[in-house]
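Across the two complexes that follow, subunit A remains constant while its partner is subunit B and subsequently subunit C.
What follows is the complex of A and B.
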């Protein structure tokens, strides 16, 4: 039976009143946990797992995955409106989403985000449908050196075209790398940079840092500028939503490229967060004209959102087919799978076709439900910006602290939020870019592990990064992304003899 | 504040005294603290117990599961230390509870933990890629001896159960392997299926999917006798067909990981007895048997002196390996 027949059979399993109800419930619950920073999809899904014991596995996975999609949608909302990423993977959305909302176009920003998210997710599911067998074999070819090459590429894509002063970028990047080394190291098993604080043993949570840097940092800047909330009251009109949808086809190139990046990062478990950063970086390198990224460019929202969601849905494939979760949420779902008595692995597709294809079919339906539900709530969320700062300011502080606390139920993290709030404020006053720091925190430790493993495998020879065509190609693309823009910039400067500003 | 506390304590004391030495029972929601991230083997262990407790009506109080997997699980045990005497918290781990303080400087020690029960033993096997040249464990070890450092073992974390076992094989047979640590059993499994490493020592549950598909195959199991009978899994072979490592020439009689439940130190004996009894009921339930079958673990129920003895034995033998490798932190 071909994949298409199996998919149709899957729709038969997925589209029942009970399952549709579960999808709506899952997406709604996901939206709530996604909007609250800290209480992300992994927490939400693990809270739901005990409830699924009374359901059959197919209904259970439909409920859990719908919640995941809902959380991915919801995570973008606070990124755009308050500069507080609800989910790690929506950090890159803040770069252009927040400026756009601040300039009074919050409806447009939210609509762009949700529509691209929907497009990304659907592209991801289509790829899963078509490539179910092939893609999992491709993922098997990724060993430690290949992983390092992928992370290297993500760094290179993001930094190659950085607009900030190179030295400042370097400072931010190394600070991030330093922070990511805190805690127990997987490879050596030794405890690093904890200074005797047992709270630091598990490392500094990336989400806590981000909540401080963005949420509190932004708030401090606002306070300094005279307690005015910079979100201009926007017109709230469903027509704005439709108008934004109509402008989407213009950005087809960005969407297509970002979806591809997301698919790739989802299948070769790089994860949605890495995908969104990489996609944003590449979109920035690819754009030639128009206003700068970081000031509210539509592509700056479309790129990370599309990649985030296509990676999120594609991450289900390695989880089912290989038992490798490429996101934290997928890891929790996999735990659920084992409790329900299903063994993830290549045989799952053969032994449990109803389950696998029911899930895949439900991904089409629940993502559509997600887009509709979330678009219907855009005017409501955008209206939040009309609330005066005296009311919304304290609320943001509360959300930040509650969010940071829920990450690991630790009061120590609250101090970290305050500390990084100050760091974020200083960074923005002194024009240091925050993004490289965040990227280094997300990928630093993974890149370090992959590098260390490669070195153990090769007995310390760097040649392992050019040992086969796959890894060499990825490394070469990475180096090109890092070097070529600088060379071009230098070359054109030399030719035109234009002095540097 | 103090006054209120005293009043409350007095009230509780009266309430507790009323049913004349009645058995202790939880008065608040119970917290299950898991010494691993969500989705791992320890997490499934805790969540299965949570589900069984509520479904079989053994405990009516609600149970909240909390993952504290930082620092190879140390986070959960430190949490126990901070909650000394709290009878509403159970900690779920493996042998990491008593082994971690030997390899890294930890703020907690065994004084801060009170063992309640061990409910299962997870097996370790040597797995190789299906098309690997070695047919038996002896051939595998000989290959590593012939070219020291050429055979790569992948494992989960460093100086943890996997690396300890690999070191133990080296110390017993005189072979020399290259050990590469990864983040977890799942990741290691894919590395083997993709041919990036030569072998791993994953638990049955972690390797089942890849074995079913014929990507990898087992060489031997580190248990005193062969594993329980099962349906054929691949190529007509089931768990019972795997030879023990001792019968295939690696002189390690038993290497298994206990799944353990702990309480913070300083909890009343009655509270401990309550949980021991509840866990015993879980261990005797059908749902538990089903969980053991599904994950191919061996069911045991150890508590009290038996458990203390088991821990002492396991700790002593493992620390010998640590000492020989020079891992001990003191």
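What follows is the complex of A and C.
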């Protein structure tokens, strides 16, 4: 069967009343999570995973991915209306989105953002549709050394391509890897690094860590800044919406370029945040004369939004086909997959076609639902930010702790959330990236397994990682990603031109 | 009291280094060498711990270097080092963290429902300047919606304390 037939079959799975309802619910919850400070896509998904244990995996992944899209849309809403990025990946949207909304064109700014986001997401999904079959066939040739090489590549890409200092990324990565080794080791059956605490026997759940790092950590940053919401009126005028949509084709070049950047950064582990900054920077340097960027230029909204969403949806491809997520949210979803008893990777396409293609088909549908819903409900969600922080802050805290408790009904996890909340706050203050830590925690076991198996195969020789053309190529690309970006002076000069606030 | 970025960088690097050292030491007791069937259980954590220590030392050294540079600039009349956390920030964070820790302890003894009701009501009353009765209503409303979502709809039991059984909730 070709990809197209499989996709049609996927639509059959995705378009049922139950699944449509889950998509609407997921997008709405995602909007709430995206709008509220302290609740972002990664920990929103983490909070929801324990609630999905009673659903079948296909319904569960549809709910979670819809929430992700909703969170991406919600993040752009607050960027534009309040100058507060609801998500790290929508920081770049504030540069031009907020000025445009301030000058009385909030409907135009929001429509530009949502339509570009929709276009970006759809381009991303189309790429996934086209590449999925090929990627999984390719990945079927992988053995343990190749898998280890791919994990190495993912880690190397974070260090080499991330915007943070490489050594700080390395600290985050290795901390995540160490956290993943705590508890019962599945290969040797020995208990590792518990230091006598019986609570640690079953390991440290990455869900709890994500809730602490992203939830409590982000709330602490919000508290430290002291919240001042200066919102812009957020009524949506349908005529303005249509006028803005008619204006979109004029910016096709920006859209196309940004979508490509997003696709590239989504498939390689650059992630949506890097994609949106890069796309904004390139749009700015490529723009012809006109109104300055930062004062409400349409391209300044289109570029980061398109790239953000195409990267967000493309991040699902390496997660499904290789089991290597390229964003924190994808990492959490992949952890969910493993909890539901599915093994991400090429075999998933062969053994669970309904799951994979149902998910891909649902991405088309739920992004459409997302664009419509977000336009219809923006005033309502913007009102959430008018609730005083003294009320909404503690509620978010309570939700985070409740969510952490439901992961395994352990009170020990409550302390872990507190601890990782502090870690997340300090890390983000000191520019340590958090996403690599989460990624390493999710991939740690698999990376170690792959390494162990390769070593058994080769009798302890590291030469196995360069034994055939496929694995050597992957390792070479990994090493190149690690070294080249930092060596090239061009690279550093280029990054400096991207504004970071 | 203010915390400078330099202090925070140094402190974080020391802690991450200590984490690496703890892991490496813990791994030595498991064996980090080779046996018949491949690497011993401590192999992976041991070497990852070593990398973490190395990266932490690097961060430590570069923080010191940045600090020296900044002090040199400052004495030369240039810009001084940015303050990391001012008194006001520390105050705000401290109050928020304090309330959160009390909430966690209260939750451990009294359950999530009572803990979150008290926590939200207290914060709405003291920081939000709501009347005590409406603050309490917000807290209670939140706890009731938690109950409905988790225990009624999803059938996931949350942590309960000694008070819920008195109300006939198990």
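Methods note: the second predicted complex is superposed on the first by the 273 of 501 C-alpha atoms of A that agree within 3 Å, B and C clash if a C-alpha of one lies under 4 Å from a C-alpha of the other, contacts with A are read in each partner's own complex, and residues count from 1 in each chain.
Simple rule for what comes next: a residue touches a chain if its C-beta (ideal position, glycine included) is under 8 Å from a C-beta of that chain, and two chains touch if they have at least 3 such contacts.
Here the structure is a predicted model, which is why all the values come from computation and not from measurement.
Asker: Which of the two partners, first being subunit B and second being subunit C, lies in contact with A:42: first, second, both, or neither?
Answerer: In the superposed model, A:42 contacts subunit B only, not subunit C.
Asker: Once the shared chain is lined up, is A:476 touching subunit B (first), subunit C (second), both, or neither of them?
Answerer: Once the two structures are laid over each other on A, A:476 reaches no partner at all.
Asker: Scan A:344 for contacts with subunit B and subunit C and give back first, second, both or neither.
Answerer: first
Asker: Give one of first, second, both or neither to describe whether A:335 is in contact with subunit B, with subunit C, with both, or with none.
Answerer: Only subunit B is touched by A:335; subunit C is not.
Asker: Thinking of the overlay built on chain A, is A:242 touched by subunit B (first), by subunit C (second), by both, or by neither?
Answerer: neither
Asker: Please indicate which partner A:21 is in contact with in the superposed arrangement: first for subunit B, second for subunit C, both, or neither.
Answerer: Neither subunit B nor subunit C is touched by A:21.
Asker: Between subunit B and subunit C, whom does A:188 touch in the aligned arrangement: first, second, both, or neither?
Answerer: After superposition on chain A, A:188 lies in contact with both partners, subunit B and subunit C.
Asker: In the superposed arrangement, which partner chain does A:8 touch: subunit B (first), subunit C (second), both, or neither?
Answerer: After superposing on A, A:8 lies clear of both subunit B and subunit C.
Asker: Does the superposition put A:292 against subunit B (first), subunit C (second), both, or neither?
Answerer: In the superposition, A:292 contacts neither subunit B nor subunit C.
Asker: Using the superposition described at the top, list the residues of subunit A that contact subunit B and also contact subunit C.
Answerer: Residues 50, 185, 187-188, 190, 409, 456 of subunit A touch both subunit B and subunit C.
Asker: Going by the contact rule at the top, pick out the subunit B residues touching subunit A in the complex.
Answerer: The touching residues are 37-40, 43-44, 47-48, 50-51, 54-55, 65-72, 74-75, 78, 103-105, 107, 149, 152, 157-160, 178-183, 186-187, 189-191, 193-194, 196, 205-206, 208-210, 212-213, 215, 290, 294-295.
Asker: Of all residues in subunit A, which touch subunit B in the complex?
Answerer: 42, 46, 49-50, 53, 139-144, 183-191, 198, 201-203, 322-325, 328, 331-335, 338-339, 341, 343-348, 351, 408-409, 449, 453, 456-457, 459
Asker: Which residues of subunit A touch subunit C in their complex?
Answerer: Touch residues, subunit A against subunit C: 50-51, 54, 165, 167-168, 170-171, 174-175, 177-178, 181, 185, 187-188, 190, 192-193, 195, 216, 219-220, 223-224, 226, 388, 390-391, 393-395, 397-398, 401-402, 405-406, 409, 411, 414-415, 418, 421-422, 426-427, 429-430, 432, 448, 451-452, 455-456, 460.
Asker: Which positions of subunit C touch subunit A when the two form their complex?
Answerer: Where subunit C meets subunit A, its residues are 5, 8-9, 12, 16, 19-20, 22-23, 26-27, 30, 34, 37-42, 44-45, 48-49, 51-52, 55-56, 58-59, 62, 84-85, 88-89, 92-93, 96-97, 99-101, 103-104, 107-108, 112, 115-116, 119-120, 123-124, 126-130, 138, 142, 146, 150, 154-159.
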